[in-house]
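The following pair of complexes shares a single chain, chain A, combined with chain B in the former and chain C in the latter.
Coming up: the complex of A and B.
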């Protein structure tokens, strides 16, 4: 189980520090696939990355992350090393470019395992078995990345990232660059791996709520570096309580909805700058329900079992 | 207005261009004034190539493309310039359409110098303001650098750039794929409004939901061939070709969850693309490729 409490990560820039992650607390249970969604710049990718490796410009400001009862030393790059790949693993956003183009895939994987002190040949049977689970034959190990389609590469990287049965897998926008058909296969692969116990829990970072509606058990919505709402997938999709979640869902064209019949509204305005974020609720400038109290920051509280929201009007909202 | 007549495209491939690869097979369709036509297909289906051929960024190997009866491939000099005054394109990545070291207003100065040099300043400014208003941007936006604007704003600027020319056909190639859900819908609604004012749009996308939202007619491309085309509600409401159905089945819906078996079905059937066959009219304005 993963527990994150009051995590703060800032980006160092010339103009000052960008508060990309400004105190977020949540947990992911064993066996849970948690979707993490929001617009670009809301901090979702920062959160995903922070759990495995801080980039150079990312600065740990505070908070704690525990995985299966152990505190992860996320601020200490070297101390994190024993956890990476073994306990926490990631499928990066552009998995297709994560593969070395000059190596056959099998050899690249062997080299990678060797760098972690593992022997490729002992893991080979398991590797082939898992590739087969995702519909890839052992022949892909003899191929160069260029010979595989984007979706196939994505699945190869997935198998590789989870080969040591990590406790937590972070899937960062893994379906975004794919066509619908490959997208569905990768989505299915995520669930398959969880069900087979290759990965205990998963955080699926994406801006695509429709994909999350298919694979996630719960969805966490972020806005401007803060948590807006977390709830079981069905609740988020059918009965969201945060006005932002509602507007976000309302701006999705689904097959069957047409401009001629029903013009979907967007969300007016833009998210605030995170260099000096406004006080109070960060969504209030764009929120149709904003009122006086929104200048105070709403707490992220539970309004129903498993349903947390940061909005002063959430309660009234959920009931009516 | 725009007619794509039995167009094929052959690319040279291999190290010395010795091999040939036919990527577009005998495509034939028409775009009428004020109509939005979506070209839908997966990567490698040739949808972008078709758009590029219409914009004359790629040559046509066989067949011809005509605009108001004129063969587009034959246009040169003045005639070509006049074509670009009527037909423009906007592409996927708005950031790569702007030079990051200049303010965004520069693209409009270029347009004026190249196409509208004969306009006096007052007329030009009215026109520019009109185009910017149409996309919901202020004049002041021109004074910003690309990095100071969001992807959606840049994409709208590029549409304004096309509108300033008073175009009749816009080729929009995956213009909203890189945008966030909330900005996406703004750009889509903008296209819808422009269509109401009589602009024709070729909307190239791999996203069926987006294609469905905005278009009057749909063309489904598979490996360079049209497998199904027709009025949007017919093609999506009553899909006939196996490929169209499989695409529609793979679209995730918010309110309808795939069953476990559906989700984990990896579709291990090999590539089902078939060449040959011919398009037959299944019902009025709904064509399907059949193989005999």
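Coming up: the complex of A and C.
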């Protein structure tokens, strides 16, 4: 069980602090695969990274992260180390180049395990079994990364990242660089790993709502460093309450409809700068429903069980 | 792998032929004639000069057409014959080179290998450590920008002339007999320190800077980030980064070899050190074709061999080249 409350992460830049995460609160239940979506720059990757390792230019400003009842010291790189890999793990965006090119994969894994005080040889049977689950033979462990295809490398990274059965796995844009067939395989593997109990809960960061519809139990939509809406996948797809979610879904092509003479609508305008974000609702400049009250910031409240929205008009919409 | 080596060997062979040709041509395009110099030294009576000149021209085959001299040169080369020195007539050039070679190798090998090793370690330590970086980087730039002979002269002046800690010139104390005694070896070492230090220091700077930059690049690479995200300790990440950063440094070593050899020649001249550099300088001053050719030939062969070794080492340490060579990359 992951609980994040009022998390704030800023990026230090020469122009000032970029408020990439500006007070974010949500929770992920055990066994839940939560999709985290939004357009680029909305803070979804920042959120994913913040839960395991802050990059040098990322600055922890406030908030708390609890995993299985213990508070994660995310601001303290060194204190965070014991939790990494064992409790929180990541399949990074760059999974295809995540393996040391000059080490045989098996040896690299052994050295990594040894550096964490574990024995590679005792974990080897489990490692091989999990590789087999994803259709990889044990011979890949004797190969160099360059001898594997991109998809194979990605699967190796997935197996390695989840080898110690972490409570939380962050899958950061894992399907973005893959062709549609591989995307489907990876999406299937994520669900498989959860079902087998290799990981307890999962956050799948992506801009691809179609993938989330396949794998996620719930979807969290972010906009400009804030949460917009969180709901079970079905609700997000069928009855989204936030105008941003609706426009986002409306921008997707639908199966069975020909788009020859009809243009996809898209969302007009751009997200606001996070250097000095506007007060009130951040979506109001692009929102077709904006009205006077939107200069005040809408709270992220529950409008139905498991369905939270940050919009003044959400209630009215859900009801009518 | 074998095909790769065969291809490499072919390229080295071509380089060798071209280099030897240039080596043969250069002294012959110099103004003047070595036989005139030799004759003027030994002849006493002016009317004997003409006879002596034609005798020596024939003896050294210098009266033959150039293409014939070129062919002679190659055939002599394959018999291990580099001709006889003109300035120290009739000593064979091979003997002169054999005498000078240990001094040059004794300077070159330790300074190349030690500066490469120490430079890489210092550079790797400096990367991502503010205090060390702020001192190593400017010092490294200063050293690498220094010409070999200038640093040599500076060292000779400060440590040799002013402080008197080290001898200024020669390979050993001229009052000693050349023999295997502790006294002679000590003198040898004592005279070796300054020329070695000047070569070592100049090369060190470049390696340290290169390594520092490579390590920073490697520490920002994806595999390093992934390891750190999985909580791998700095030790492991830096170990991988060091190993991968070494690869371009190995190539760099091959590229630098020629420059270091050139630097060694100049340094020997500064310190009147009796190695190949000193020999080639006297060869040029006395228009001794055969000595110049012979020394350059040695340098050509040495640099080519060293490059070949580096090529082979690279294939062994970087799996990516190996896979590429087999042509079965996924």
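Keep this in mind: the second predicted complex is superposed on the first by the 315 of 320 C-alpha atoms of A that agree within 3 Å, B and C clash if a C-alpha of one lies under 4 Å from a C-alpha of the other, contacts with A are read in each partner's own complex, and residues count from 1 in each chain.
We adopt the following convention: a residue touches a chain if its C-beta (ideal position, glycine included) is under 8 Å from a C-beta of that chain, and two chains touch if they have at least 3 such contacts.
Owing to the predicted nature of the structure, the values given are computational and were not obtained by experimental measurement.
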item	value
Room on chain A for both chain B and chain C (clash or fit)	fit
First, second, both or neither for A:213, with chain B first and chain C second	first
Partner chain in contact with A:223 - chain B first, chain C second, else both or neither	neither
Partner chain(s) touched by A:264 [first = chain B, second = chain C, both, neither]	first
Chain B or chain C, by number of chain A residues touched	B
First (chain B), second (chain C), both or neither touched by A:249	first
First, second, both or neither for A:193, with chain B first and chain C second	neither
Which of chain B and chain C A:312 touches, first, second, both or neither	neither
Chain B versus chain C as contact partner of A:85, first or second or both or neither	second
For chain A as apex, the angle formed with chain B and chain C - C-alpha centres, to the nearest 10 degrees	70
Closest Cα approach, chain C to chain B, once both complexes are overlaid on chain A (Å)	5
Contacts on chain A seen with chain B and repeated with chain C across the two complexes	none
Chain C partner contacts - residues on chain A that touch it in the complex	52-53, 80-86, 89-90, 92, 94, 97-104, 111-112, 115-116, 144, 146-149, 152, 157, 160-161
Contacting residues of chain C [partner chain A, same complex]	221-223, 225-233, 235-236, 240, 243-244, 247, 317-320, 323, 328-330
Residues of chain A that touch chain B when the two form their complex	39-40, 134-135, 150, 179-185, 187-189, 191-192, 207-211, 213-215, 237-238, 247-249, 251-260, 263-267, 270
Interfacial residue positions of chain B with respect to chain A in the complex	42-43, 150-151, 180-186, 188-189, 192, 206-210, 212-214, 232, 236, 246-248, 250-255, 257-258, 260, 263-268
